[in-house]
Amino acid sequence: MGVNSFIGEAWRAGKSFVTGLNITFNEMVFRPPITVFYPDEKDDIPAWFRGIPLQKTDLLTGEYKCTSCAMCVEACPVNVITLEWHQDPTTKKKVADRYAIDMSRCMLCNFCIEACPFDSLVMGMDYELCKIDPENMVYEFEDLLRLGLKYSKAELPGPKVKNATPPWVFAQLTGATEADIQDENGFLGRPPTGKGYTPALKPQFQKKEEAVAQTAPHEGQAPAAPALTKNTPTQTAPVNANPANVSAEAGPAKPAVAKASETTPAEVTEVRPDQATNTETGTKDGGESK
Amino acid sequence: MEQTKELLVNMGPQHPSTHGVLRLMVKLDGETVTWCEPDVGYLHRCFEKLSEAKTYPQVIPFTDRCDYVGAILNEQVYVEAVEKLFGDAIVVPERAQYIRVLMAEFQRIASHLIGLGSAAMDLGAVTPFLYAWRDREKMYTLFERITGARMLYNYLRVGGLRNDLPEGIIGAETDGEDKAAETFWGFINYFDSYVVPQWDGLVTGNRIFQWRTMNVGRLSAVDAIAYGSSGPVLRGSGVKFDLRKNLPYSVYDRMEFDIPVGKEDGDCFDRWSVRMKEMEQSSRIVKQCLKWLAENPGEVMGKVPRVLKPPKGEVYHRIEGARGEIACYVISDGGPNPFKVKYRSPCFTHLQVMPLLCPGHKVADVIAILGSIDIVLGEVDR
Amino acid sequence: MAALVEFWKSLSPMTQTWLLGLGKASLILVWSLANFGFAMVMERKVSAWMQNRVGPWRSGLHGWIQFIPDLLKLYHKEFITPKNVDQAVYRIAPFLGFLSSVLIWLIIPIGPKGTSMDLDIGIIFIAAITGYDVIMVFMAGWGSNNKYSLLGAMRGAAQMISYEITLVMSIIGVVMMAGSLRLSDIVLAQINRGWFGWFLLPQFLGFIIFLIASLAELNRAPFDLTEAESELVAGYHTEYSGFRWAMFALAEYIHLVGWSAIAASLFLGGWAGPSGSTFLMGLGNIVSGFGRFPNGGADFLFAGANWWLWAHPVTVYVFGLFWFVFKTYLFVFLAMWIRWTLPRVRIDQLMDLGWKFLLPASLFNIFLTGVLKYAASVWGNVLVIPGTSFHLLGWWM
């Protein structure tokens, strides 16, 4: 090896090292850390996050929405859903005895939510599901309902909307709690009752319900939704958020809003500004992000 | 009398640089390797047998788990194979095709980043690895916004996609680094203007890195073909073969891109630089897809029967994965479950060049070679 | 105070020596442990900053006392001694490494007259002490009865022995400049030459060689072949756990800081800091040829200041300590910066680098220094304008 190549190699090596050192130094001085201090602060969760499949409750009646049709059980690739049911002799409806998801084996593929024909399952955003004992990873029906409450809505009577945004797409975080269940007799995890059943609403809602029936002769949920919360200052925030979700859910949002504004402009104008914006965000990306 | 003898060293299955649970049996004469043999099977999860008991859509989440670093590509090969089984019965919308290509190329960048980063870390440079991780996290945030999951997407469906791209994720062409984790354009611009030069300066141009990789693990073109290698390993040996160009699938025939190749007798550095250049080409394809997608809204799911029952027959479909040629062989007996699903994984094929490349090199070079062929053990064992 | 002095004087010389020795030893131990703590957290912090992270964060203010919980955890861990190890060798090795790293601090001048043992063969003492490291690495690797450990130990022995020669050769240039092997003399020689007269510039080639060789000697990346984690799991300390492993970590960081201190003493003028007068002298050195103004040459400028605190021994000592620590950690940072940027070299490249590049280069450096010193003494003064002279080769005077 000649002296020239000796010096040349040293020069090239030195130059490349200085380039590298310059890069790391710039990263050190001019770039902020990207660390998220996890337990203290949490990263944003997108609206379509897949955390855990949960069961929804109808907040109007307190019934769970599952009809034990076992579509999710069939769709599950890893067979983690256990479903046992019996038929109620009076209402002839299926009543779930046990509905459990073994979250230690679930791979969060979303197939059960897509398979559900009654919009009963939702992919929740909860992701901190660790348990000390793996046996506790089996989420029973009550657990699923309780966790699913904050994605649940008050379903208003009316025809099912076809071609709506698929329910499994948006895990809407409505933030509802057990106190928001409208039926005062209703309790969490109550099986569906017969057709003739009219929910006994909590006293503060009863009049509003009648008022809705009187003032809104057009049969549509969209007008009913704002009316439900009209002039109800005592309501808590999560319930305030409900109408937005109802209207967002009522259809592929934009047409629904358009319809509402066409048919009953009065009610729509009565929606408070925050609710209006809620509705808009709801239509925009489908789920209000709390 | 005591005699010197060769030292048999077990690298793995819990060795820090085997990229998973791989066992490399290496015989050493001093520091020099005289014999090397990979031993696989520690991550076997019965994917192929398992899929015989599942319906056609139910297999899709399992394909994600094969190559968990390039999940979309694995979904793509399976889904396209099943669509091929149906023949003309299923028409995939054009937009869905474009989104598939977009996601696949984006995934290729992410996968290469990790492959290159871990190769660099095997050579002792830890910082590039963490830069790779940093940039991949940005990409995964985008993936999460589209599919709902960061790694194992379950996004592609037979006949299209599960859902369309969310609004605003394509972004504007002028988006810069501040939007790298929010829009595709933001990331691609950040990638072109910042990430690539950084890697060039920090690793590719580094003399120690070049000393470590040049003339190490030479694989001739003849051997590369004879051993069935594909992807960057094959192209690193100077063979200009890319399924995206040579046997175009999906909408790749409408894309403009080049095939980077190494020199005839490719060493680790050639494989490395082929991957580097491939990332730039992928970014070119992503840009073309983004321009098309911004102008052409539409359906992303074709008309598909509710229960998938493909007609009797068998199909072999192959695509260009991140690590090489992924292929899927599906036999249908007309029922709702596939009769047989067979995956051809590039990593498994590439592992068999290890006994060819390693002897004669030092122990440290075994790691360099292993890093340069970039294996994912999930795909090797399936 | 007076009574204490009386008491001290009443002791026998033997007792005085022992007590003094004990005191110095404890001071050195405390000093090196404090340095270990800071250097270890600094390494984690610097690496984190370079990688867009924050590093240790929870313990203390932003994690800066992370070394305390770390050491406590390691202290409470189980000592796992594998079967078939060579018990005596396996147990002694970690403590031997710690010993050699602490011994370096004996001769390092941390201020004017601030040396525990001002040996007149300082440089040779360093070289001798570092020899222990080879033994430590080899004992740990051999005693562990593990293939990875053995490979690491073999690499370590080869690497350290070959780089020690280069290391000493690269220092010889400095020794020629200063005319003494004693470290405090070397520092004083630099102080006498003024600020820009530090040996860093005239001995730049020697400095680069010293830097590379000491990184190799310390087993720091890019030469961390003995513990190359991606090749040899953890090299020679694969089989160690608990506090025995912590001894290796202690040794590594104390060694690092010790070497940085030596580098600061040899090339950056030790405790000498840029006070007002030295700064002006440095400018004068540049303007009128290198090495024009020896230290004290501009004292008349600061003659009025001398009765202020500038010249007080305590002030001088405190400032000296500050500059010494500052320069030391400059080198520590440099080592960390290099470690987190460059990939690792291979063993044959390492030996090539040591024997084929650095050793010839260091020999050339000795030759160059000699030639320049001679040239400076013969043709150093170039007459520019009658009456003033430009010291062309002033650095080497």
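By written order: A, B and C. Residues from 1 in each chain.
As a convention for this text, a contact is a pair of C-beta atoms (placed from the backbone, for glycine too) under 8 Å apart; a residue touches a chain by one contact, two chains touch by 3 or more.
What you see is a predicted model; the values in this text were computed from it and never measured.
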| item | value |
| --- | --- |
| Chain whose mean Cα position lies farthest from chain C | A |
| Chain whose Cα mean lies nearest the overall Cα mean | B |
| Pair of chains joined by more contacts [C-beta pairs], A-C or A-B | A-B |
| Chain B and chain C: spacing of chain centres that average the CA atoms, whole Å | 46 |
| Between chain B and chain A, distance of the C-alpha-averaged centres to the nearest whole Å | 34 |
| Whole-Å gap separating chain A and chain C, where each centre is the average of the chain's CA atoms | 61 |
| Chain C residues counted as touching two or more neighbouring chains | 50-53, 340-342 |
| Junction residues of chain A - those touching two or more other chains | 17, 20, 23-24, 27, 34 |
| Residues of chain B engaged with two or more neighbouring chains | 127, 131, 134, 202-203, 206, 208 |
| Interface residues, chain A side, partner chain C - complex | 1, 6, 10, 17, 20-21, 23-25, 27-28, 31-35, 37 |
| Residue ranges of chain B in contact with chain A within the complex | 54, 57-62, 127, 131, 134, 137, 144-149, 152, 154, 162-163, 166-167, 198, 201-203, 205-208 |
| Contact footprint of chain C on chain B as seen in their complex | 7, 9, 15-17, 28, 31, 120-127, 130-131, 134, 202-203, 206, 208-209, 211-212, 362-367 |
| Residues of chain A touching chain B in the complex | 9, 12-13, 16-17, 19-20, 22-24, 27, 34, 46-50, 75, 77, 107-111, 114, 123, 166, 169, 284-285 |
| In the complex, chain C residues that touch chain A | 46, 48-54, 57, 337-338, 340-342, 356-357 |
